[in-house]
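In the two assemblies presented below, chain A is common to both, partnered first by chain B and then by chain C.
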Partner chain A sequence: MEYLTAVLAPQLLHGLVFGAALGLLALGLTVIFGLLGVMNFAHGELYMLGAYVGLAVIGLTGSFWLALLLAPLAVALLGALTEVATLRPLYRRPPLYGLILTFGLALVFREGVRQVWGGDMRRILPPITGSTPLLGMTYPTYRLFLLAVSCALLLLLWLFFTRTRAGILVRAAVQDAEMLDGLGVNVPRLFTLAFAGSAALAALAGLLLAPVFTVYPQMGVEMILLAFMVVILGGMGSLGGSVVAAFVIGIAQSLLTLWLNPQRVAIAIFGLMILVLIVRPRGFFGREGVLE
Partner chain B sequence: MRRLLALSTVVLVVVGWAGPPADAQQKVVRIGDLGSKVGVFEGYGKYQTMAMQLAVEELNARGGVLGHRIEMISEDDDTKPAPAVRKAEKLILQDGVKMLVGAVSSGATMAVMDVTKKHRVIHWNSVSCAEFMRTTKFHKYYFSNQPDSRMQANGLAKYIVDRMGKRVYIFYTDYAMGQSDARQFKTALERLGGEVVGVAGAPLDTKDFSPWFGAINQANPDVLFLAFAGTDSLRLMTQLHSFGMTKKFKLAGIDCFLLQQDLPAIAEPMEGFVQLAHFSPYNPDPNMQAFNNRFKKRFGVDANIMAGAYDAVMFWAAAVEKAKTFDADRLVPVLEGMCLDNTHIGRQCIRKEDHQVVMDMHLYQVKGGKNIPIAKVDGLQAIGEPMVGKDPLEGFTWEIKRK
Partner chain C sequence: MSSPLRRAVTWRALAVFALLALLPLAPWMSPYYLLLAFDALLFGAVAMSLDLLMGYTGLVSFGHAAFFGLGAYATAVLLERGVRSLWLCLAFAVVVVGLYALVVAYFATARRGIYFALLTLVFAEVVYTFFRYTQTFGGSDGIQGLPSPELAPGVVLDTPLRHYYVILAYLGLAWVALRVLVQSHFGRVLVAIRENEDRARFLGYNVQRYKLAACVISALLTGLGGALYPGRSAYATPDLMLWTVSGEFIIMVMIGGLGTLAGPVLGGVFFIVLHEKVSSYVDWYFLVVGVVLVLIVLFMPRGLFGLRRALVLRPRQLARPGRVPA
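Entry: the complex of A and B
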């Protein structure tokens, strides 16, 4: 019983907290892949920009909550401008063009941030401090808040994609954008809004995780690898798959650290991904033919 | 005659105006200050600069060294070996420093040792803890007045086994300093009858330590021994505290775990933490208080363990005055065996064989954000045998020996 409360329960909670935040980041990546057929290499930098814009807003206003509102909006605007100015002309080109472009954008954003804020690590203090006694253990209150907010957002996103017209249109565009165009939907505008939404999600994840992981220009690069794994494991383009895979990776990573040094766990997670892909190349819920 | 007089006057005026001021006529000798000025170890690097600056100002006020005014040049090494090597080369070849203090990170210091050996420059280390500098990496121009891993382990392990608990988990920063501290501490603890119930390393500059906490909780030790430094220690302690682990386990750590200046901000997580160090402004020792008063008067803040960098400059200056030269080859024999009295930790003597300074240390316990002395550690007992060119822990294994 003591083992359960002192060892297993905190590890499971770690996994859930990290998985939920990872899910937010990966969901945006999945939507963009589903819509544009391109893995957005700049997604990690949008996550990083969320933290830096948040840092600037907190610096000006002193309010984390205001930053949580403004940073995703600002990054969404940047995302929309980027999509219109750079990605839109490439839609009819082979996916490699988009891949190279987003890779370049990642470099531009990262180095831009380095020019403005410098390369040093910055701290964002958690807006909620202290710890909460929970099931016989002590857990940082902010991390519990992080879990609650991420889960609530994932639920809202599920409702958005299943219950709203806009969400259904995005899913329809993921399935067949040309058909949607033929039906009179303004698909380019849909793409722009979806890209902006995905950028906002990444920025939100960046700012929410900033008090835990701190803020530095490379922070996106470290997270995006895991986010890619989530997308591949969940099934390329599958929204539900991404959420499931994010939790699987979060919990697996957390439990494995009980027996392996966390540095080696990253290798084990890659091993897990390879294993899943051998058995099921399309991932958990992937569409047939995407990776087969 | 009038023309001659006028010409002489003109010449005198021109020479008088063009001549340098009396102060600038004094010859200059340069010394280098190399270390982390930003990033994970910036606290140590900045205080190293201040301590050296105090020494330089005091020496210059007394007329400099060997008739030369001392000029200090500071460089940031980015806490990494490669930039440290480049900056050391720059300090030696471009600026012509005659003595170099640095670096802060053990990995960077070891890399710089190759440079100081190649260019035959006196090299002082006043903060890096790894044991390899005075053993496998040792060269004759290298000196250290920082108690290394072996000295610290010998001083700490006995107190931990006797007073805190026998079952210990070792958590260390996974690079030269932490590895060295963990190796030495594991060896010393097991020799004294303690049991190491788990060992784990986290990379330098880890942002989130919580992935390691499960294994620590699983091992359920009496004492959690921490070999971290700088902002890593700050983050680690904040996170341990938020997970309730600072109350669950007794905590102990190495000399450079946190500077006194960092303690008030995390006084609550650090309460009761046992740390071995050679300086605390809250130590009533008259030597320490005397140094702290001078430091505080100059910079407006308390001194910390970087006081060693002040002594490094003083050792070098005393040797230069005695040898009447800046030549490193002629300074080395003078430095070997040299002692300085009334330093912040009393008498410091350079051991001839491995150039490690024999110095006493104290065990401190954090109470209300202050490092309060609880025991004194005799430097001679802690230093161990000289082991130049040898691995001090040959046959060492990370294996956990279950009891």
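Entry: the complex of A and C
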């Protein structure tokens, strides 16, 4: 019982919090993969930019909440511009050019940030301090807030993708963009908006997680592999799959660290990913035949 | 000279090679420049090995750093334990890298496109994590302070000049091997797979076996390059295997020009020399590299080597990116 409340439950909650934020990051990634057939290597850098732009806004105004509003907007704008300027010309080329391009974009963003803000670790203080008693343990209130916000956002996104016209159009484009184009939808604009939305989600995840982790130019590189894993595990292009996989990875990672050293945890998770890629490349919920 | 060999080795290539062999005689050549030339040619050769996969077979590997790093560790482990023969180190690297490459290639070549890229990436991350945390191999510090290997008993590779000629020999042999390979029937099938995998399969080719062979050959040549690295650097660290290093190899290939062999060598030299020259003055080198990569993907998919063609060939022949000139 002691073990349960002192060790197991907090670790499980860590996993949930991390999984929810990871879900936000992976959702954008999987939408872009579904639409463009490109694994966006720069997605981690959009996540990182969210934290840095947030840092700048907090520096100017002192308000975390304003940053939470402005940073995703700014990064979304950057995402839209990037999509129009660099990804759009590549639609007709094999997707591997897009893959290599996003690797270059990641380098540009990462090094650009290092030039502007320097390479030091920075911290964003949690806007909500203190801790809350919960089921016989105390847990930082900010993390509970993070969990609630992430889950609310995931719910909103689910409503967006199932109930709104725009969301349904995005899903239709994932299924068959050419057909959608034939039906008179402005597909390039849809792609740009989807990319902007995906960038905003990444930025939001970056800023929300910043008070829990630290802010530094490499933070995106460390997250992106995990996000890739989530997308693969969930089934590339599957929205619900990504969310489920994000929680699975988040919880698995935080629980495994109880019993295994970090090396074994990393190898176990990579091993799981290799297994999924080999045995069931469409992941938990992916459609059959997507680029297999 | 046998006929495929004669067809592969052009007079122009021999001339370039001869110039490279004479390079150390240049009056401004110092040990510093010799080591810079070593790095440039080494990574040029590695990029060229990757080009067999990227440019000819159409497979983008995000895990070549693991082949390079495993080769480096193979040499480092033997040197650390008192085995000084370069040939034994190379043989050991071939065994280690070959076995690992067989496993990776077996699973990765069953998949296409992005799945191949991701599988190679994840396998490489496993290797990286293993070396990063295993204290037997020095953990995150790697293996440091290695003695120089010996070419033959008594002939120690301890001067920049000797290092340079070893790497030049490696580059030359790798180039000849790859040239012969891509001009052979085998190479043609690889190009066919790149252009249309299904059609190649319908023609009766065992596509996976060809891809597997291309993968292993590319990995072995990269691993040999890695095995030559600790002789000069005196260390092997897990950072050699980071997936971003694999990305740098890809950048070298793209800068030089996909599917040209000589292009990626140029790309590797360009990348290393620019890195050395620019990063000693300013710290925004990788920003430049990122911008260059983006511009090349967008506007110059044939890379630096394509520039030469743009001047020589008619524009019509440049229409399709990523093609190998007949």
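Convention: the second predicted complex is superposed on the first by the 284 of 292 C-alpha atoms of A that agree within 3 Å, B and C clash if a C-alpha of one lies under 4 Å from a C-alpha of the other, contacts with A are read in each partner's own complex, and residues count from 1 in each chain.
As a working rule, a residue touches a chain if its C-beta (ideal position, glycine included) is under 8 Å from a C-beta of that chain, and two chains touch if they have at least 3 such contacts.
The structure presented is a predicted model; accordingly, all values stated were derived computationally and were not measured.
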{"item": "Dominant toucher of chain A (residue count), chain B or chain C", "value": "C"}
{"item": "Touched partner set for A:Thr214, first chain B, second chain C, both or neither", "value": "first"}
{"item": "Touching partner for A:Tyr91 - first (chain B), second (chain C), both, neither", "value": "neither"}
{"item": "Touched partner set for A:Ile232, first chain B, second chain C, both or neither", "value": "second"}
{"item": "First, second, both or neither for A:Met137, with chain B first and chain C second", "value": "first"}
{"item": "Touched partner set for A:Glu111, first chain B, second chain C, both or neither", "value": "second"}
{"item": "First (chain B), second (chain C), both or neither touched by A:Phe103", "value": "second"}
{"item": "Touched partner set for A:Val7, first chain B, second chain C, both or neither", "value": "first"}
{"item": "Partner chain in contact with A:Trp158 - chain B first, chain C second, else both or neither", "value": "neither"}
{"item": "Which of chain B and chain C A:Asn261 touches, first, second, both or neither", "value": "both"}
{"item": "Doubly contacted residues of chain A, that is, touched by chain B and again by chain C", "value": "261-263"}
{"item": "For the chain A and chain B complex, residues of the former touching the latter", "value": "3, 6-7, 10-11, 14, 120-121, 130-131, 137-140, 212-214, 253-255, 257-259, 261-263, 265"}
{"item": "Footprint of chain A on chain B - complex, ascending", "value": "38-40, 174, 200-203, 205, 207-208, 210-215, 217-218, 220, 231, 235, 239, 241-244"}
{"item": "Partner chain A, residues of chain C touching it in the complex", "value": "58, 60, 107, 110-115, 117-119, 121-123, 125-126, 129-130, 132-134, 243-244, 247, 250-251, 254, 283-284, 286-287, 289-294, 297-298, 301, 321-322"}
{"item": "Chain A residues touching chain C - in the complex, by the definition given at the top", "value": "37, 39, 41, 86, 89-90, 93-97, 99-101, 103-112, 114-115, 221, 225, 228-229, 232, 236, 261-263, 266-267, 270-271, 273-274, 277-278, 281, 291-292"}
